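Naming follows writing order (A, B, C and D), and every chain is counted from residue 1.
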Amino acid sequence: MTGDDVKAMMLAVAQAIIDNVDVLSEADRATGDGDHGVGMRRGFEAAQDAIMALQSPTPEQVMKAAGTAIMAKGGGASGAIFGTLFRAGSKVLEGKDRLDAAGFAQFLAVASEAVQKRGGVITGQKTMVDALAPAAVASADGSSLAESMSRAAQAAEAGVEATRHMLATTGKARSLGERSLGHIDPGALSVSIILRTMRDRA
Amino acid sequence: MTGDDVKAMMLAVAQAIIDNVDVLSEADRATGDGDHGVGMRRGFEAAQDAIMALQSPTPEQVMKAAGTAIMAKGGGASGAIFGTLFRAGSKVLEGKDRLDAAGFAQFLAVASEAVQKRGGVITGQKTMVDALAPAAVASADGSSLAESMSRAAQAAEAGVEATRHMLATTGKARSLGERSLGHIDPGALSVSIILRTMRDRA
Amino acid sequence: MKTPKKILNEPRQATAEMMEGLILANDGRVGRVEGTGALFRTAIPDGKVALLIGGGSGHEPIFGGFVGHNLADGAACGEVFAAPGPDTICEAARAVHRGKGIIFLYCNYAGDNMNFDIAAELLGDEGIETRTIRVRDDVAAAPPERMDDRRGIAGAVLVVKVAGGAATELKDIAEIERIIRKAEANVRSMGVAVSAGSLPETGKPTFELGDDEIEVGMGAHGEAGVKRQKMVSADDITNQMMEPILGDMALAKGDEVVLLINNLGASTMMELLIVNRRVRQILTRDGIAVHRTFIGPWFTSQEMAGFSISLMKLDAELKRYIDLPSSSFGFSSL
Amino acid sequence: MKTPKKILNEPRQATAEMMEGLILANDGRVGRVEGTGALFRTAIPDGKVALLIGGGSGHEPIFGGFVGHNLADGAACGEVFAAPGPDTICEAARAVHRGKGIIFLYCNYAGDNMNFDIAAELLGDEGIETRTIRVRDDVAAAPPERMDDRRGIAGAVLVVKVAGGAATELKDIAEIERIIRKAEANVRSMGVAVSAGSLPETGKPTFELGDDEIEVGMGAHGEAGVKRQKMVSADDITNQMMEPILGDMALAKGDEVVLLINNLGASTMMELLIVNRRVRQILTRDGIAVHRTFIGPWFTSQEMAGFSISLMKLDAELKRYIDLPSSSFGFSSL
C-alpha cells in the first residue's frame, strides 16, 4: 500500500467512525457517560482534515497526522488512547514508503503496547485493548497485507464480543461492577470498526 | 344560633375546606400557582384548633378566633383575605350572644367590604369577592337565619359560575388574560364551600 | 402527568425542615424566631435602619438565603409560594428593629402586599416605623402604564444587593429609601419557562407544557406569560426576551447596566452562558456596556427549567452599591 | 425516553458558545486562548506558582467558573464530559505560567489523567515544571485500599478553594503542593442521582432510572453507583450517604469539618437544605463540629437531579485557606 493508498484508507476509516457516531455513543450510554461516539467523531473529523491536507504523504505521515489530530481534538479517554495508538504506531513506519504486512503487524504491536502503557491497563479490563491486543497478535500471522488486516479485523471483532463477559476495572464503566457484564466496551467496538474498514480497503 | 352552635358550624366549615384541599388546589393550578387548597387547609386547620380551645364562646369570639388563626397561619393572598373576612365580620357580632339573620347579613356585608378594601378589588375581577359580595346582598333578604344562609350559599354558587366568564385583573391569574376565561376562581369556590356548609348546619 | 421525584421527608413539613437546614447552613450568622419563618442576622448594629425582605418559600436561596453582610437584616418567609402571614412579618420586624425604622422590600404580589400591609399597620401601633418598597420588574406582566400590576421576579436580587449596601452605609431612612426606589425603578426583567416546577405539598407541577413548548414571560410561580410557543433556539428565545426588556428601558448608547441571568431551577449553567453570549451581542449592538454579570439560581421556582434576564441601569451611586462586597448563605460577591 | 428540552443553538457548538458566554460573564477578569478551552486569569502576578485546574465541560460552573481571586489561575476545559486534550492543557499552562512552575489539580478519571500526563510531558520538554494532584474523593467508587480507583467529584470544590489560597499566599511550590495534598487526603464525598442529565450533542440522558428509583453513589457523569433502589425519604438517603463517608474518615469527637452539599443540577435548594438538616443531626450525634457550610450547584452533571455530600476534615492550616475570601464567576465566599 502506497502512502496515497494509506491516505485513502484512513479517510475511509475516519468516515466509518463518523458514520457510527450513534452506535458508539449508545454503547457508551450502557456502561459509561454516553459520549464515546461524539468524542471519536470530533477526533476523526479533525483527522480527516489533517490527512486531506497532506500531499503525497508517506504511510508514517498519514498515521502520525491522524494520531496528532485525534489527540488534540478528540478529548476524553478516547482522544488520548486513539491518538496514542496512531502516533505511537506511526513511528515504526518511519522511512517506509509502503505499508506491508510486516509493517502493519508492527504498527499494531507497537500501538497496542503504547496504549497499554498510557492507559495503565492490560487485556481483560474491558477496554479497547481487548480488541487491539489480539488484533496485533493475529496480524503477525498474515502472509499479505490483506490477510494481516483480515486477521486483525476478525480478532478485534472477537475481542469486542469477549469484552461482553468482562468486568470493567478501569474507566467510567469500572463502578458498574457486575452490571458491566453483558455490555460490550465502546472503545473496543471503535477498534473493530477501524480494522474492519482497513480490511475492506486492503 | 348560640355561640356553641356557631362553634360547631365553624368546625364543620373548616372541615369542609380541609376535605376539599385537592379540589381547591386543582382549581388554582388552572389559573394560579396551584396552592390555594393547601393554603386554605393550613389556615382552617389552625382555625379548628383555635375554635376548639374556646369554652362556651360568643359568636363573635368564634369568628374572630377563626379569622386570626387563618390570617396567621394561612399565608398567601388567601390567608390575608379569608382572615380579614372573619376578623372584620366578627366585629358586627360584638355583644351578641346569638347569631341571627340580621347579624349574619351584616357579618357578610362588613366582611365583603373589608375584603374589597384589603384586596383593592371590586366585583368583576374574578376573585372570591365575586362570590362573597352577591352572597352578602342575597343574605339581607332572609327572614330567618336558615333562609339567609341558604340565599347566601345560592348566590355564592352563582358567583363562582360567574367568575368563569370573567377576565382576571388581579392576583396570580391576572397575567393569563384571555386564557383565564373558562376557569372558575379558586377563592370564590372556597367562599361557596364555606357558605354551603353554613347553610347545611343552619 | 409524571409525578416529580423530590428528596423530602413529610411533604407538609418541607418548609419547616428547610428553615432548620437553612439556619444550620448559616453556621451562626443567622437566627430565627423559634418555630416561625422569621429570620434575622445575628450581628445587626444598634441604630441601623433595618432591611427586611420576604415572601413565599420555594424560591430558595431567596429570601432567607439573602440575610447577611451588606444584604438583608432579616427575612419573613412564608410557606411554598405563599406570602408570610402578618405574625411572621411582625416577628421578623421586631427581631431586626434597632430603633431607626424598617424598610420592607418585597415583590409585588397581592398576597405579599396584603400581608406586609397588615403587618405594617400592626407595627405602626407598636411605634415601629416601616417603609414599603415593592419590586415590579417583570415587563411580561403588564405594560408600563400599569406598573403596579407588574410582578417582582429575579430583578429583586439586584435591588436587594443595592438596598443591603445602602442600608449598611447610610443612616437616614429617607435617603436609603430613595436609593432603593431608584434601583427598583431602574430594573427590568423577563422570564421563560421550559418545564414546570412542582409544589412539595401537592406533588404536582404548577402548569403543563408540551414536550416541545416553552412559555415566554412566565412568572416565578408559573403564572402565565405573554406567549406559549414551540421550542426555538437559545438565540431566538433571548432575542424575544431582550426586545421587551430593552423596549421598556430608556437606555442610550454608552449607558452601563448590571446584568443578571437567573436560573429558575433546573436549567444548566451551560445553557445560561449560551444565553449570556447572545445577550451581550445584543447589548454590544446597542452600545450598552455591562459593568458586571451575575448568573446563577437565586430566585428559583422549585425545579422549573427556564431562566430570566434582568438589567438594571446604573449610575455612579447604584454602581457603588452593586460593587460593595456582600456575603450571605445564598449570594456572595466580592 | 423523553428527549430533554435544552436551550441551545447548534448542539455541536454548545461548548464553544458556552465558553464565549463564560468569558463575557467574567467582565474582563478572565481571558482565553482564542478558539480553545484554555482559560486564564488576566491578573496573575509575576513569580506566582500557577494553579491550573481542568476537566470535561458540562459540570458548570466548575471548572472554568473557578478561575479567580484566591482560586485557580487558569482552567483547561474539554468538551462535555470529555477531558481536554493535551493541546488545550498546554495552552492554558503557558498562559498561566509565571516562571515558578504549575500545579495541575484535577479529578481522577482515566481521560483526564492521560491527557494531563501527556501535557506534563510536553511542557517538561519546554522546561516548564508541573506537579500533579488528582482529587479522589468519591467513596462510592472504590474501597480505601484502591484510592487510585476513586473518582473526583464535588469535594474538588473544597480542594480548589484551599489550593487557590495556598498558591496565592505561599511562594514555595513544594509547600503549596503539601497543603493541597493534605486537603485532598482529608476530603470524602458521595453522590446520589434522582434523575439523569443529558448530553447536548446526543440529546440523550446518560442513564435511565425508573420513576420511583434513585441511584446511591452515582458519579458526576452518570457512572454507576453502589446501589439502585426505590425512592426513600430525605433522611434515609442522607443516612445512607453519611455512613460510608464517615466510615471512610478518621473523625473523632471534637473534630471540625467543612461541609459541602453539591447540587448535581436540577434538585431544589429546598431539598438540599432538608438534607443539610439531617447531615447536621448526624454530625451533632457524633460530636463533630461544622466550621462552615457551602450548599449550591458547583459541580453539576448537566440537568441531573440529585446531590452529593462532601466533608473535609480541618486543621488550623486548612481552615485558614477555607476562610480566605475568594471570588470567581462561579464561586465566591467572604
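The rule is short, and it goes like this: a contact is a pair of C-beta atoms (placed from the backbone, for glycine too) under 8 Å apart; a residue touches a chain by one contact, two chains touch by 3 or more.
It should be emphasised that the depicted structure is a prediction, and the values quoted were computed from it without experimental measurement.
**Q** Just the number, please: Cα centre separation of chain B and chain C in whole Å.
**A** Taking the average C-alpha coordinate of chain B and of chain C, the gap between them is 31 Å.
**Q** With centres defined as the mean C-alpha position, give me the chain A-chain C separation in Å.
**A** 53
**Q** Residue numbers in chain C touching 2 or more other chains?
**A** Residue numbers touching two or more other chains: 80.
**Q** Can you list the residues of chain A that touch 2 or more other chains?
**A** none
**Q** If each chain is a dot and touching chains are joined, what shape do you get: line, ring, star, complete or other?
**A** line
**Q** Who touches whom among the chains?
**A** A-D, B-C, C-D
**Q** So in the complex, the part of chain D that touches chain C is made up of which residues?
**A** Against chain C, the touching part of chain D is residues 2-3, 5-9, 14-15, 17-22, 24-27, 57-58, 60-61, 65, 69, 80, 194-195, 197, 200, 211-212, 214, 231, 233-235, 237, 265-277, 280, 290-293, 295-297, 300, 302-303, 305, 307, 325-327, 329-330, 332-334.
**Q** Over in the complex, which chain C residues touch chain B? Could you list them?
**A** Per the stated touch rule, the residues are 56, 78-88, 109-111, 114-115, 117-118, 140-142, 149, 151, 199, 201-202, 204, 206-207, 217, 219, 221-225.
**Q** For the complex, give me every residue of chain B touching chain C.
**A** On the chain B side, the touching residues are 22, 25, 29, 32-35, 37-39, 42, 71-81, 83-84, 118-119, 170-177, 179.
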